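Common to both upcoming complexes is chain A, partnered first by chain B, then by chain C.
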Partner chain A sequence: MRSIISNLMIICICALGAHAQAQDYNSELKGIIKVEVDGLSCPFCAYGLEKKLKKIEGVKKIEIDVENAFTLLTLLDGKTISETTIRKKVKEAGFTVRKIEEITDEGK
Partner chain B sequence: MDKKKQCSFYILSLMILLWSNNANAQGPPIFTDTPIMLGLDGGGIRTFGNFISKENAKVYIHPIIVPYNITSKWQMGVIAPFVNKVPEGAESRFGFGDLKLYAKFQIHQKDGKGKTFRTLIKVTESFPTGNTKGNPPLGSRAYQTAIGLVSGYITTKYGIYGEIAYNVTSNGLADNLLYNLAFGYPLLPQKYPPKQLNLFLELNGNYVFDGIGNNLHLSPGIQYIAGRKLLFESGIQLPLDEPSTEGQQTNYSLRIGIRILIF
Partner chain C sequence: MKGSDFILLVLLISCQTEKEWQFEEIIQLNDIKPLGIIVTDEQMWLTDVDRNRMIMTDLKGNLVETYPDLLRPMHIVLKEGKIYIPEFLRDTITILEGEHLIAMPLDIELDAPAGIDVMGNTASIVDFYNYRLILIYDGQTIIIGKNGHADGEFNYPTDVALFEDKIFVADAYNNRVQVFDYNGQVLKVIGWKENIRVATGLAVGPNRIYITDFHGNRVLMYDFNGTLLKIFTDHFDKPTDIFIHNNRMFVANYGGDFISVFIQK
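Right after this comes the complex of A and B.
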């Protein structure tokens, strides 16, 4: 009985962890967003990424730094986008997201 | 310069460049396929002129290649070639060559910071649409199916590409094994939107079965990426090994081309 309870507790903790991670991906981001992109090894293929990210509603400006493997998304004032949306668009473009973070102008 | 000296010259030049330059990122190879199906290799029209100088003829082939990405991992495309053959001592012929349809499906992708390793399966079907009534014929008179793998390790500093395909033929033609290896190296500092000048050194092979023999070419090339949507390229194929009978040997094959992104 004790082992069943402990197993159930482990499952619950894992489920909560997974849920928390999913919640992170659904967090709304605003301002300037730095997206670290893996697989970004050629400037000629970065156009697809730029095109996909441009389709996200609320994106004002996109800057791609191929050498340092990241892209900066500047959102329109008052607009937010979810991390899930960004991850989806990057995947559709054929790349892999390493990290997404909201940054200030100074952090750029 | 004999063939061994030519080969040594290009390899030595490449090694000097690798040692002396520290620039970034390159485009797709000129004669070898790439596993990248993005940007100019995804939604772009590619066209080039191939001038083939043989001992007994001059041949000009001008294909138009239109790829279309169904998803980021699945691409289909069409290759429509125009052919002009000018044999020595005979009338020249011009017309449509054999139409090809191809499909690429990515089976492996491993991404890292500033690098990617990708592999795809490629199937190409060739249709005998070229006119074969006159002499010399503009088509092969045969359906051909090439099944192969295209792989590449591409970083922001260099790219290594490999391609192998077995081509099954019909109508009494011998099957053949196509194999290509390419190394790409950039000369200019990278930026986006891109302005890049890339150098390539490729080995392009075609082993024809039924005792016919091996064709191997050394192919140096240069490429200029003029922006997000435009690329110019040129390369020359120099024969290292060719089984053709005397008087029909290839002197060289020159390619000048352009890729334009439309989708």
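Right after this comes the complex of A and C.
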């Protein structure tokens, strides 16, 4: 009985964790967004990622930093995009997101 | 054997021995990160992918002409006075003829073309995000390959060369070069044993294949049987392309803003 209860508790914790993560990915981002990516190492990869991210509606500018493996998305005023959308495009480009965060100009 | 015959024989053997490659010089570039390279007797053409342009320099690397407004131009080729430029972000092949830029007519949609070669009426294009090789000849468009790691499959192809009746493809993230016939049959897979870390570019000459190893900072030379003949290890920084001209090998270094030159003596 004890093992059943502990198993149920583990399942509940996992489910809650997954739910929390899913909620995070649905958060709407605005302004300048820094996307850190694993495996962004050559110009073909970097500009491949640029190509995929450019297709996101509301993106005004994309800057790619190949050496430090991140990209900065500047959104049009008043536009927002979800973290899920960014993650999907990064995956389409062949990469895995390490971190996504909204930043200010000073935080670049 | 007469003495004169012996001398003739020695001369013949020495003539047939391939000359050794030696490092000659570094051509430093100013504010150019070269990806693709073409060399002629008097000029170099380089794609400066970070700045969305192609440039022409003299053989010392001094800027002569700039062609702006290209969207991430990659591996270029010069054939019959025309330069063919794959535009990675525009999904087109742009042709520079004289002073005019025109789009190459294609009846197939590309997704990030990275390299092209042209021979007579035949053209081959590597289509990076579609993981395929496109061969256009005799009015037909033939598609070769799909995503994967097996022979005949690609993991982000980045460069292509036509030579005699063969097609050579830099299968970048499978870390190898694949050789095909015009029917799409794999004839040879080269380089997979040498721990190449991203095979970004290639050059092909008579019985010679040269491959750039981007992260390994090397150039590897093979014969058409796939036998490794030489590994060049010095004077590179993230090499992306090679051009052989007048017994010289020119290597574009994306990481270091320079061209490494080797000479065959």
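Just so we're on the same page, the second predicted complex is superposed on the first by the 103 of 108 C-alpha atoms of A that agree within 3 Å, B and C clash if a C-alpha of one lies under 4 Å from a C-alpha of the other, contacts with A are read in each partner's own complex, and residues count from 1 in each chain.
One rule holds for everything that comes next: a residue touches a chain if its C-beta (ideal position, glycine included) is under 8 Å from a C-beta of that chain, and two chains touch if they have at least 3 such contacts.
If you're wondering where the values come from, they're calculated on a predicted model, not measured in any experiment.
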Touching A:L73, do we find chain B (first), chain C (second), both, or neither? neither
Counting only touches as set out at the top, which of chain B and chain C does A:I33 meet: first, second, both, neither? neither
Have a look and say if chain B or chain C is in touch with more residues of chain A. B
When the two structures are overlaid on chain A, which partner does A:T96 contact: first (chain B), second (chain C), both, or neither? first
Contact-wise, after the overlay, does A:I81 reach chain B, chain C, both or neither (first, second, both, neither)? neither
Who does A:D65 touch here: chain B (first), chain C (second), both, or neither? first
Tell me the contact category for A:L53 with respect to chain B and chain C: first, second, both or neither. neither
Residues on chain A lying within both footprints (that of chain B and that of chain C): 41-44, 47-48, 50, 94
Spell out the residues on chain A that touch chain B in their complex, using ranges where they run on. 36, 38-50, 64-67, 69, 91-96, 98
Across the complex, what residues on chain C touch chain A? 33, 35, 49-50, 72, 74, 88-89, 112, 114, 128-129, 156, 158, 172, 198, 200, 214-215, 238, 240, 254
Chain C-facing residues of chain A, complex: 41-44, 47-48, 50-51, 54, 94
Considering only the defined contacts, which chain B positions touch chain A in the complex? 24-28, 36-43, 72-73, 109, 111-116, 154-156, 159, 190-194, 196, 225, 228-229, 231, 261
